[in-house]
Each structure stands twice: as structure tokens, then as C-alpha cells.
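Dropping the structures in below, format is C-alpha cells.
After this come two complexes, each holding subunit A, first together with subunit B and then together with subunit C.
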Partner chain A sequence: MLTKKSNSVTLNNKRLKDKIFPYAMVAPSVIIFTLFAVYPFLMGIYISFFRWDGLSAMQYVGTQNYSNVFIDSDYWTALKHTFFYAFFVTVGKNVLGFILAKLMMDLVFAKGFFRTITYMPVTFSYVVCGMLWAWIFNPTFGLLNNFLSLVGADSLIMGWLSDPKVAIYSVMWVDIWRWAGFHMVLYLAGLQAIPKDYYEAAEIDGAGPVSKFFKITIPQLNSVIVLNILMAVTGALVSNYDIVNVMTGGGPFGSTEVALTYIYRNAFEFYNLGKASAMSVILFGLTLIFGAIQIFSMTRDENYDS
Partner chain B sequence: MLKKKMALLLSAALVAGAAMTGCGGGDSSGGDAAGDKELTIMAASMRLESMIDGWNQMITNFEDANEGVKVNLTMQGEWSEIPQYLAQARMAGQTVDFVRTSGGVIRSTLAPSGALMDITDTMAPYADRFVEGTLDNYTVGGHLWGIPYGETTTSCVYYNKTMFDELGLQEPKTLDELVHCADVIKEKKGIKNAWIHQGAIVDYWQMWFEEAYGQTSGHESIAKAEDWLSGNSSFVNDETVTAFAKIRELFDRGVLTSDSLDTDDTAMKALFAQQQAAMFYGGTWEYAPTLEIVDGAFEIGVFLWPSLGEGMSAQACGAADDGFAVASNCNKDNWDLIAKFLDHMTNEESANLTLGPIQPIIPVIKTVPPVDLPCAQEMVSFMPDTIMFLDWLWPSEINNTLGNQIAGVTAGHITPEAAAQAVQDTYEKLVRENDYSYNWYDKWTEDQWAEVTPPAK
Partner chain C sequence: MNMNKALKIVGTVLKVVALAIIILLTIYPLIWMISGSLKGTQEFYTNIWGIPDAWKFANYSAAWSRAGLGVKYMNSLIVLAVTLLVIIPAVGCAAYAIARTNFRFKKAVYSYLLLGLCIPTGVLAIPIFSAALNFGLVDKLSGMILFGAAQCMAFGTFLLRSFFISLPKSLEEAAMIDGCTRFQSFLRVILPLAKPGVMTLVVLDGITVWNEYLLASVLLRTDAKMTLPLGMKSFADKYVTDYPQLFAGLVIVTVPMLIIYVFAQRSFIEGMTAGSVKQ
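Moving on to the complex of A and B:
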């Protein structure tokens, strides 16, 4: 009887442990995520209703910070730059990544070497990339202008980071350059997974290269394209602070000011934490809406019909 | 089973670690720790090893003279980041007794926020240790919010004297003479930038505006800026517009090129040292590093900005910089010790230990000897024509707008009038959004004053 009861208790303990085990496993992640993501996010929303410089007492101002943001033309200009940046960087990373992947597929020698050097910039930090290219773009002793001068292309020499009309494209190029290798790897995996039979069958039917590209390659790569674009857009929208800050600091004449640099400036240079939080909440909302539309439109079942 | 136990153990360790990371901190210097007293100094990073050694020795001397006292010196980041670190410390409930940052941050950010103690009475017995007028830079509304603890600076134009002599050029006194010098240098030496500017750093454009505005306002820029910041006048007027226009003229007439918009201090000095540029604008703080990088390759000279127009004359900018202040989240129970430390750090021995390594051209503490360098005396002679940096008066939003607008004006994207209007718009935004008041101390409540007033003895 005692043994039976003891067995029952052991069984109950085991069941309890089995129930607890998965929660215990995810607990560290949940706690860390709550402490470092959820809590600061909620605090950000809370602070957005206050006037606060981080040093003196917080002063409740209701939705005034939001009203201030809505009439702040600098913020909307920075936001416009952000979406402009995100669009062109997404296109650039994917087009270049795809072209590189195709070239790697067709490469007959030193494949490993070229794949490694193409991927290498991904392993560099934004600060390193930014500094490196800032020196290359330097108007007086930068490699680029000196090279252009050497090959007689003086008409192409320009203030890559000092001309307000050009600076944002220079920064976007560095972002594209850094991530193209990463997107190349994804496209390469996708391209290698397409059965060769499809192309052979299409050739027998008389399909040309363009037809094969649009009728076979693109549809077969759809899921890879969705993944690549999602990652590129998200990265370009919310991860451009480092590179802009290192290369131009938002200048010249605010021509490279993106939402994140403007929010940072408001928070930590102007010490207007309430307004900066309101800007962050608005940016979050816009990114959420934009992301939802994108996911909805790009992940419909019909996109995956073979 | 073993794997499961290990996994649980790891999870527990992670949870505990995360909890400690997230919730740790607390009061690290709250005063009595096992009967001992602590003082905490939050300082911006120091540029010279010898300065750090001097500070450590000064602190050791204080600890030796005061048994049971420990002074914690933490150094991190730039001057401009100190308010951010101080805010973090306040949020975490940590005590910070002293902050070392720039005088501009003390005047325009920390004091108006109530983050500093009013040390007027505390420093009164030691006021005569400072060079006359230097404490004025830290006095706002009749109250002293910090002390200068570095050197007094002034601005000037550095030039390659050897090259000027070789080309038969004199120090330019007028804009026309400056343009002539630039033309000759470019033609004879085949270099693109006769004058290179560290325009990638926004603060330096603000200083250019200050130089130009000092001239166009007839040396009344401080008074006029105060009047404007008090809401009694507009920034859009002939003098400010002309100041923007004069800066643009330097570009239009080929003294500078757009290369200066993307050049930082390192690149600027490198170009000067390589004789790819013959002039650059800086201050006394640039002199020693420039001498080092030029390494005797040519002789360096200095001159004040030339006159930008008829009836105008140069006015340099500078201040008694490297500020030191008492934070209002200090341990007020330790006030006697705080006052004792202020006395200690400004005495002859300590000042020489900490400020001697800077090799000041114009010291702020009388007992620190000035360094004897070739152009030092000439720079000292600029002091009567030097006024306090305007960005010590106005908030960083104005500074940022000014820097951006000058880049826009020089690149031809906006007119000088539009640039002045943008600065005025920024001021109005500050008033609307932050209830900005230049005379912030007049608006303070009794509670706010009580928070920053030292305890009675």
C-alpha cells in the first residue's frame, strides 16, 4: 500500500516537473525580454505624456508632446528620409544580393574565396564600416576622389558626404555594401534549391533566359524574396542610427537626418525625453502598420503557387 | 535526466543573473560605509595620461589627509554626455557628489535643470585663488554653479608662417587681404584649400557664427543674444543675416571650399601639417597638438579673424573651460567634506598636480604657471578681444540649428535670411514646447532653491 502511494507521489512529482520544465526553460528569455524590451517600451509610452529632461521633476502634459511632434516639420522630414532610405536600401541590397548570388552560381573558380570576401562586410560593425567609408569618401585625401582624378573622371568628383544632395546616397551605399553579402547567401541557397529539370524542360519548350527568369526563378524564389525584403526593410527602418551617426551625424544641413538620429538628438542632446518618447511611439506605430501591410501582401498563399 | 537538471540549473543561473543585472545598482556612495565616508566624482574622459595621474595623486593626498575617506573618480564619455550619465545615476538612486564637464554644459543644461548645487557661499573663501573674471563664466543669476578647472581659452586662426613668408604674404587684416592670401596660396602652391575648417563638427560652425556676429553686432553679440533669448527681440535682423552672409562670402570668394563641410579635427590638422592647407581656425586648445603633428616642419603663426567689412573688427570667443560642479544628488550629510574637497583641489599643490599637465597658455588658477610656447604671448594678447562662447548662453537646440543652417547657407541651399529665420523658429519652438526661459532662476520655486542650497552649518 505504502509502495503504491509512494509510486503515486513520485508520479505526481514527475508530472509537476514536466509541467514546470517548459516554463523554466523559457523563463530566462521572458524575464530578459520583459526587463530590457517590454518594460522600457511601456516606460517610453508613459514618459511620452510628460515634459522631462531626465534631471528635474517630471511634469504631466497629457498629449502635448504628441501635438508638438505633429507640428514639428523636422521630425516629418527625418521620417521622410527614413522611408526614402528604407525603400532604396531594400531595393539595393536585394538587387545586388541577387546579382552576386547569380555570379557565384556561375563562378567556375575560387568560389569559396569570392563568397568569403563578399560576405565579410557583414561581420564588420556599422561603426567600422562607417569610419572606413567616411575616409574613402573624404573630399581631400579620400581614395574615391583621388581614384576618379587618376582615371581622368574629374567631372565625377563630388562632396560625397558634404553635399546635401549626395550625402544620403553615400550613406545608403554603405548600408547596401555591408548587407549585400548576407542577402547573397540567402539567394544563393534559394537558387541552388531550384531543380535543374525545370530549366531543362523550359529550354525544350523554347523558353529564353528572360522567360526562364520570370517564369521559373522568381516564382521559385518567392519565399526567399519575402524573407529578404522583410529583413531588409526592418533593418533599414530601425537600424540606421549607427551608420548615419558615424558617417554624417545627420548632416550636412540635415540632409541625412533619419527618425532615429532625430529622436536620439532630442533625447540626449536636447534632453527632451518626453517628446523623444512620443516620436518613438509614433515611429513604432508607423513601422507596425507598414510591416503588417507588407507581411499581409507578401505572404498570401497564392504567392506560393508553383 | 542529467541534461534536464543541467538545463534547469542554467535557467536558474540566467534568471538570477538577469535579475541582478536589471535590478542591481543602488546607492554606491551613500556616505557611511562601515563607518567610512565616500565622495564620488563623475568626470568626462581626460585626454592626457599625465592628467589622470595628477588627479589620482591629488585624490590620494586628500584621502591621506582625511582618514576614513574614500574618493571614487569615474571617467567616461565626452563632456556633452555627462548630463545623460548623471540622469541615469539619479534614476538609479545613486549618489554623485561632483561632476566634471564643460562650462557650457554646466551653464546651459545642468544648472537650469536643478542638477547642481549653488556653491556661491561655499567657494567664497577661495575665490581669490582664481584668475580674475573666470568665476563669472560660471555665475548665472548671481549664483555660482561651478568652478573653472582647466584653462582659459581663446580662438584664433592658425597659419603656416613659413609658407606665408615664402610667398611674401602678411597676416591678413581685412577680408580682401584674406582673399588675396588665399588666391596666392592656391595659385603658387597648387593646393585646393587655402583655409580648411573642421566643419564636420557642428560646434565649430557655431563659433564661426559667433566670430562673424561679434563683428557685425559691433562687439555687442553677448548683450544682443541675451536680449533675444529673453524674448525682447528677434533673431532675424541685419546683424545676424549679415553674419551668415559674411561666412558664405568666405566660400563664394574661394577662401574655403565645400571640403570643409566634411572635415573633422584630425583631417584638418593632417592637411595643415602636410601643407595641403595653409590656415585653419581653432583655439588655444589646438596649439600643443598642432605643434606636435607639425613637428617643426614649418613655423606656425596665429592671427585674429580679419575684419569682415568696413568698421568691423575681430572679436574672438573663449571661456574658462573644464568645469567642476557639485551635483544636487550629492550626499548633503557630507557637505563639510564636499567643501573640504573643493578647498583641497584648488590649493596650489593640487592645482599644479591636476592642471599642470594641461600646460595651460592662460591658466584659471593663479598658482598654475602658464606654458611658454612660441605663439603663447600673442594668444594672451587676444584676451581683451575675447568674449564668452555664445553656446554657453543658449540651449543646444539653437546650437544645432545654427550649425545646420551655416552648412545650408555655404552650400547655397538657403539664404542668410532663411537661416536666421530657422534659428528664430527654433527659439519659438523651445518656448512653446519647453516653456523655455533664459532667466530660469527667476521662475524657480522655494522648493527648487531648497534642493540646491547647501545645508546650514
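Moving on to the complex of A and C:
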């Protein structure tokens, strides 16, 4: 009797442990994520309905911050720059990353060495990349203009960061330069996973390089392309503060002002955290769609019960 | 036929040239950064292309002391180490539970954590400041660690889960028959096999944490608490003319992540490859 009872107690105990085990395992992540990401996010929505300078008491103003944002043309210009920036940077990173991967594929020697080198800029901070390239772009002492005059292309010499028409492209280039190696690694992995006999079969059928590219390479790479584009888009939309802040600070004449630099300025230079929060919420709404697509594509055709 | 051969050779030459240009574009700025950091202030402006006449290693010690890099280095290292020590175990456990056990709210928990992908630091910067005020985490390294770690939960859980799912179930079953508890079998059997995934996280999250600038500008207020990226920026704003020293500072800041990457890269590339192609 006694042993039976104690057996069933340990069994119950074990069953209880098994039941609690998964919850104990996910708890740390869920708690940290909730307190330090979700809670601030909700705070942001809350603050967007208040007037607040970051120091004194908050004052409820209803939707006034939002109506202020809607008539603030500087913010909409900054948003336009943000999407413009994100579009070209996404295209640039992917095209360059893909070309690099394709070139790497055909390389017969020192593949690892070249891959290591092209990935190195990824490990640099935007602060380092920004300062380095700001100096390369320096109109008189910079490498770029000196190189151009050396090869006789004087007509191309310009103020890469001081000309309002050019500055944003210069900043974009640095972003592309930093991340191309990252996308290269992903594309390389995708290319290497395509079975060689696909190409051999196509060649027997008389397919040229162009049709091989469009009929085999692109369809086979589909999921890698989607992943690369999504990562580049979300990256470019919401992580361009560093590079813009370091290289141009939003200038010249606001030509490189993106949403994040403008939001930061409103919060910590104009001490208008309510309005800055409202702008953050709007930016969040606009970028949500890309985040949602990303989650969808990451979890699709997956089996939860495995 | 000959025409074809000629085309092929031209194609190969073009490829090599293109690759050389891209490699040069990547590597030359780095070499130039290092060579610039060793030049004298005068030489920096006159000898733009070449290697330095006399190697002025004194630039490094000057940058180190003038920018107060000692304290900032320490701060950055602490933030990097502790953040990784928070992220990797937390994410590892969560990913394991989601991949290998069944519980009622599994799908809900996983979707909830993945939401992190939708709310990146950029959008959160201002709200994080107010949350940090409430928690008393302004101008504290612990603030950098906790808010930084929260940003990495979503991707980490996703990546490690995909690793755990791909491992055969018989492995832990065997371990549990041998008397391991569930947690022990996770620690001793499953985790070592997911090393590429863990190394991938160490590199990717390490890069993010080491280079974190926006979060630092929002949270850190005093010189004594600054991390390297913020410290370098304020150094550059103060001593705008002394470029060789600034470049020396940039090299100093860059080295640790480069070392981690070079050492971890075999596992890291493996992890990235597995993570992206499996889809």
C-alpha cells in the first residue's frame, strides 16, 4: 500500500515537473522580452497622448500630438527620405550581395579567404564606417576626389556629403558597403544548395546562360531572396539613425534627414517626447507590414507539433 | 567553337576583374584606416595614398588616453559579455521548449516572442528612454544590457529553434533512458550539437551589441558610463582636427569584433547557411 502510494506520488510529481518544465524554460525570454521591449512599446503609445519634456509631469493632450505630426511637413519629408533610402539600400545590398556570391561560386581558389574579407565590414559599427567614409568623401583630402583627379575624371569631383543632391546617395553607399558581405553569405549558401544536375540537364536541352539563370537559379533561390530582401528592408527602414547621425547629422539642409534622426531631435533637442512618441508610433505602423511579412515567411510551412 | 572559347576567356577575365574591384573596395578603406592611424598629422594631409614614412604608434596611446578609451573599453566589454550571457541561455531554453516539448500555449508563446521582429530598437528608442526612467536604468550599463538583450530574443529563439528541430529525437530519448533528466539531456546532448547555431548568435548578437549606438545615445549620459561607439563619436566631435588619432581610435574599436568573427567564422558560416537554406 505504502509503496504504491509513494509511487503514485513520484509519478504525479514527475508529471507535474514535465508540465512545468516547458513554462520554466520559456519564462526568462518571455519576461525579459515583456519588460524591456513590449512594456516600452506600450509606454510609447501611452506617452504619445501626453505633452512631456522628459522631466516635468506629463500632461494629457488627447490626439493633439498626432494632429501636430500630421501638419509637420518636415516629418513627412523625413519619412519620404526614409522610404527612398530603404528602397535603394535594399536593392543595392541585394544586387551587390548576389553578384558577389555568383562571382564567389565560380572562384576555384581562396574562397574562404575572400568570403572572410568581404564579410569584415559587417562587424564594424556604423560609427566606424561613417567616420571612415566621411573622410574618404572629404572634398579636398579625401580618397575619392583624389582618385578621380588622378584618373582625369575631374568632372565627377563633387562634395559627396556637402551637396544636398548627392549626400543621401553617399550615405546609402556606406550602408550598402557595410552589409553586402552579409547578404553574399546567404546568397552563397542558397547557390551552393542548388543541385548541379539541374544545370547539366538544362545544358543538354540547349539552355543558354540567361535562361538557366531565370529558369533555374532564380526559382531555386526564391526563399533565400525573400529572406534577404526582408532583412534588408527592415534593417534599412529602422536602423539608419547611426549612419545618418554620424555622417551628416541630417544635413546639408535636411537633405538626409530620415524619420529616426528627426524623431531623436524632437525628443532630445526640442524636449518634445510626446510628439516624438507619436511619430514613433506612426513609423511603427508604416513598417509593421514588413515585419508581419517577415514573421509570416519565417513561420510558414512549419509543423508546430514536431 | 573558337568564338565560344574566346567568349569564355573574356568572361573569366571580366569576372576576375569585377571580383578584384569589389575586394579592393572592401579591403582598401581598412588598410587605409590602419595606415592613416600611423601617420603624423601633417603627413595625413600630404601623403594621402601611401604608407606612413615613420610609423607613429604614439597615436594609439594618445587616442587611448585623450578619448578615455580605457573606461569605455571596459564598459563595452562588460555590456557585450553580460548581454551574451543573458541572451544565449534564455534563448536556448526557450527555443528548446518550443522545438521539443508540447505545452498548451506553445504556439502563442512562439508568436509572441517573434513579435520582437516587428518592434525594432529604432522605433523603440524614445519609449525605451521613458521605460528606463521608470526602472531607474538611465545612465546604467544594466540598462544597455537588459534593453539590448530584449531586442535579440525574437531572432535568437527563431534561429535556435530551427536547429533543435532538425536534430533527431532519438538522441535525447537515449540520454533520458541513461538516466538524464530532460534538462540534462538538453544541456549535454542537444546544445553541443547546435553549436553552429549558438556561434551564429554569438557573432550576430555580438556585432549588434558591441556596435549599439542609438540605444547608447538614449540611455547613457555621462562619460564614465559611455560605451565605445558613443565615446568615439564624442571624441570625434571634440578633437575634430587630429585625424591620425581618430583613426587609431577607430582601429582600436574595431579589433575585438574582428577577432571574434575570425575565430568563430567556421561555425558561424555553417550556422548562417543552415539557417537560411533550410526554409
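Heads up, the rule we're going with is that the second predicted complex is superposed on the first by the 289 of 306 C-alpha atoms of A that agree within 3 Å, B and C clash if a C-alpha of one lies under 4 Å from a C-alpha of the other, contacts with A are read in each partner's own complex, and residues count from 1 in each chain.
Throughout what follows, a residue touches a chain if its C-beta (ideal position, glycine included) is under 8 Å from a C-beta of that chain, and two chains touch if they have at least 3 such contacts.
Keep in mind that this is a model prediction, so the values were computed, not measured.
*Asks:* Contacts for A:L161 in the overlay, against subunit B (first) and subunit C (second): which applies, first, second, both or neither?
*Replies:* first
*Asks:* Output check: A:I32 vs subunit B and subunit C. Expected answer is one of first, second, both, neither. What do you get?
*Replies:* Both: A:I32 reaches subunit B and subunit C.
*Asks:* Just to be sure I read the superposition right, which of the two partners does A:F21 touch: subunit B = first, subunit C = second, or both, or neither?
*Replies:* both
*Asks:* Which holds for A:M298: it touches subunit B only (first), subunit C only (second), both, or neither?
*Replies:* second
*Asks:* For A:F114, select first, second, both or neither according to whether it touches subunit B, subunit C, the two together, or no partner.
*Replies:* Touch status of A:F114: second partner only.
*Asks:* Quick one: subunit B or subunit C, who's touching more of subunit A?
*Replies:* Partner with more touched residues of subunit A: C.
*Asks:* With both complexes superposed on chain A, which partner does A:G54 reach: first (subunit B), second (subunit C), both or neither?
*Replies:* A:G54 contacts both subunit B and subunit C.
*Asks:* One more residue to check, A:G190. First (subunit B), second (subunit C), both or neither?
*Replies:* second
*Asks:* With both complexes superposed on chain A, which partner does A:F141 reach: first (subunit B), second (subunit C), both or neither?
*Replies:* both
*Asks:* So in the superposed three-chain picture, is A:A201 touching just subunit B, just subunit C, both, or none of them (first/second/both/neither)?
*Replies:* It touches nothing on subunit B or subunit C.
*Asks:* Please identify the positions on subunit A that touch both subunit B and subunit C, taking each partner from its own complex.
*Replies:* 21, 25, 28, 32, 35-36, 54, 141, 268
*Asks:* Write out the stretch or stretches of subunit C touching subunit A in their complex.
*Replies:* Its residues touching subunit A are 15, 18-19, 22-23, 25-27, 29-30, 32-33, 36, 44-45, 48-49, 86, 89-91, 93-94, 96-99, 101-103, 106-107, 109-131, 133-134, 146-147, 149-151, 153-154, 157-158, 165, 182-183, 207, 210-211, 213-214, 217-218, 228-229, 232-233, 236, 243, 246-247, 250, 253-254, 257-258, 260-262, 265, 269, 272-273, 276-277, 279.
*Asks:* Quick check: in the complex, which residue numbers of subunit A touch subunit C?
*Replies:* Listed in rising order, the residues of subunit A that touch subunit C are 18-19, 21-23, 25-26, 28-30, 32-33, 35-41, 43-44, 47, 54, 96, 99-100, 103-104, 106-107, 114-128, 131-133, 135-136, 141, 143, 146, 177, 181, 185-186, 188-190, 192-193, 223-224, 227, 234, 237-242, 245-246, 260, 263-264, 267-268, 273, 276-277, 280, 283-284, 287-288, 291-292, 294-295, 297-299, 304-306.
*Asks:* Sort out for me which residues of subunit B touch subunit A in the complex.
*Replies:* Per the touch definition, subunit B meets subunit A at residues 4, 7-8, 11-12, 14-15, 18-19, 21-22, 80-81, 83-84, 86-87, 90-91, 109-110, 113-115, 192-193, 196, 199-200, 202, 257-263, 267, 270-271, 276, 395-397, 400, 403-405, 407-408, 411, 413-414, 429, 432-435.
*Asks:* Please give the residue numbers of subunit A that touch subunit B in the complex, ascending.
*Replies:* Going through subunit A, the ones touching subunit B are 21, 24-25, 27-28, 31-32, 35-36, 51, 53-56, 64, 68, 72, 137-141, 159-164, 249, 251-254, 265, 268-272, 275.
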